[in-house]
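One chain, chain A, links the two complexes that follow: it is found with chain B in the first and with chain C in the second.
Let's turn to the complex of A and B:
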């Protein structure tokens, strides 16, 4: 039988995705610090600086960091086209990303504009490098499938998100007069509804059937969902920028967006209920929690439109989307990808015996503990706007989650190093 | 007429069914069911690898198909065979936990491999071997 080493074009070195993954827990801990309710409960005001700091620490430092690392790993598999020059691109993305996110979060935490002024060019550099290399990879890809379309639209939404984010940070730092509310709304819609949701949708088309042996997503859904969501987002963006916001437009756009997002959640839950693989699996539970949270985020967002007088629906919807939906799915994915990468990179070097299997790299009970801790944190967030003690619990929950995830990922990295050393010595 | 991608992908799904039954049975320490299902799975996998390595891949290469992805697929077959051997060993020793860890690893390895074949290699084969498709599928059927 012919054997050849796996082409480096196919899979980047393990250090490329791992450096992104291993940094993610730090930003959960930074978010925990930002949310410590020193004087006021930050959850009572969605525009509070503490909440802004924590949100950016999670969306950039945890979510985007993990998504950027994962994209470098999964693009060769799902669209048959790796990112170019993975080593250089990885550093050019990682270093400005980690420093830019830390500066931005600190800037919001301390209310010091100078940090924001330093952060936005760094974050711009990180994302422009990432967007450029992703687009290069997408254009070069021979595949034509629904995942490729979703990822492409997600990257386009990310481009808008970053442009608006840089403008807002610069304007906020320098006191520039801008229509902040509509720009901030556009920034949030494109980042959560576009970049995050479309990327999760595109990747789910591949990983949901793959991890649990479910049927594939129906073709009518996979080919139309991401373009439909993208169109709704663009129409919403235009109506925001042109300030054409009669009540019926707001209702129609919100309703259509959440109907589309909910259809994704319902179909995913349905596919998972029809899975062939019936054994208990922490990643599956994280995924299901994510989908249920997405449905609840939709309900609270629509409630906010219909009953605007009731406070905190917008905070709840954002928390359900960011912590409940996106964060759950990303944690679940990390617990699948990282042990597999460690095993894969040890095994492909020609080492056969003595390589630990995935459940020996990060023990499963570790993942279940994290799952229950994450559920508790989410529950605390949902009552935090009304109960100050819960704000402390959210902060504590995020801190513990960062520590637990950090220990799991660090253990995986140590297993890799130790096994490699032992096998090389023997 | 059925194309190569559909025919070969059906083979993947059949392997998945036996894999899931064996894994579930091993997690419940139902060793007799696990043994029967795992045996089905390993026989199906061996047959599928044989179809690819003895028939599909050589024809694809001689029709001008790309050799790098084919070589990667062949190497991954060897890696999966090694994992299947290790699982068979844990089944023999009735070690439920080891079985679970190894089957989790094999599942991801197998699925990412199938994804690359179904989305890249089989469509290339359908394109390059269009004229010989019927003969090839008949010949692959003879392996069943």
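Let's turn to the complex of A and C:
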């Protein structure tokens, strides 16, 4: 698939995506706090409240926050259709999102249902606003390409994720009798396999060839992968809700899903190995770690189906997907996108002296430090179910990652403000 | 459209926005009356807007797939 010419003139003000991006490190630090093993090691039980709190802090506060910010940039630039009233929509999404995520995480951390009852309407408001405006933007977009299809399907998966999430949070807070296990499984499948994976796939079709100077994704993959994954997710959802789950159905669906997800990882790694410029790059390394983790998540998830007696395969698969795959890709993208946005908005409007080169905005050695710290945190997560000390290391790793990312993003913002002032004065 | 003296830069294989940065740096020091020839691996649509605003003329020739030559001169 060819990358599309970018409609840079349609880009929203820099404050729109940046307010989302700059908030993400706070939720890594909140997740670190949730995982402090006060009494028990939270990684020994996948249903522990501490793990639920940390997972939601990362998936909502870090991952979704970054993805929502990125979408406000991607929709106008890549599919040439800005969100309606982007300033208002951005605040209407951001404020309930940040408060709702903080309340949900606190509710799980403290085991206080009242916080969950306050959180779910706020998160509902944030996501309904975002979904409505994204769908409006997608429907009126004149372009038609595989990125648009993947984004549309990921938004549909997000709609299901949020509906189930709101229902689960309300039921959990009020003690409503519900089939929790199958609703939670559906919520997880749609959020990780749908919203996260499909959005990463759609964005990769543009970002990987453009920024990493690789050949384009093959057409057979880009036009069929996202719809195929979406169909598997829908069939899986129906089989879960109808309780039609003979062993062969479970195996076939799991196997097909991971085969499709792995094909994306293998093709991406192959394209990256054929890139034009073979120079080490921290953002590329984050991306590659993400793809390798996606493959490993598939192996552990299938191992969990074939050897269900082994307790921790599901924890490992979830950790590899969330921390190894999604978090790596998002950190790598943040380190690429934020300096690019700063540079782009400073340069906008003509040839000016005094605009720093993009590489000077966040120093590369900071990114490399973060990369190695992230690798160590991931390693600690993978041994945490068996070694209590590793739970402390995970908590410490996430705290330091939040601080490193926060200082990197804050540095970029300072460069923007200072340079803009200098340009206006000169 | 081009004057007799030309400068030449090759930005093929560089990730965005490095080609853009190098071209703009070269234009900032380009003596009046000279032209800049740029070898690039993709058509840089956002650059054209900046060239228009900056009062430059340009002509793009596709040499082969993923290889373009852009001749930029003062208008």
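Brief remarks follow.
Going forward, the second predicted complex is superposed on the first by the 414 of 426 C-alpha atoms of A that agree within 3 Å, B and C clash if a C-alpha of one lies under 4 Å from a C-alpha of the other, contacts with A are read in each partner's own complex, and residues count from 1 in each chain.
Following the convention adopted for this analysis, a contact is a pair of C-beta atoms (placed from the backbone, for glycine too) under 8 Å apart; a residue touches a chain by one contact, two chains touch by 3 or more.
In this text the structure is predicted, and so the values were computed from the model without any measurement.
In the superposed pair of complexes, A:343 makes contact with chain B and with chain C alike. Put chain B and chain C next to each other and count what each touches on chain A; the higher total goes to B. When the two complexes are overlaid on their common chain A, residue A:277 makes contact with chain B and with chain C alike. Once the two complexes are overlaid on the shared chain, A:142 sits against chain B while remaining clear of chain C.
Looking at the shared chain after the overlay, A:211 reaches both chain B and chain C.
Once the two complexes are overlaid on the shared chain, A:365 sits clear of chain B and of chain C alike.
When the two complexes are superposed on chain A, the residues of chain A that touch both chain B and chain C are 5-6, 210-211, 213, 276-277, 340, 343-344, 347, 357-358. Per the touch definition, chain B reaches chain A in the complex via residues 16-17, 19-20, 23-24, 27, 53, 68, 71-72, 74-75, 77-79, 82, 97-98, 100-102, 104-105, 107-109, 111-112, 115-116, 119-120. Residues of chain A touching chain C in their complex: 5-6, 8-9, 210-213, 276-277, 340, 343-344, 347, 349-351, 353, 357-358. Put simply, chain A touches chain B in their complex at residues 1-7, 10, 77-78, 80, 142-143, 145, 206, 210-211, 213, 276-279, 336, 340, 343-344, 347-348, 352, 356-360.
Listing the residues of chain C that touch chain A in their complex gives 12-18, 20-21, 24, 27-28, 41, 43, 45-46, 49-50, 53-54.
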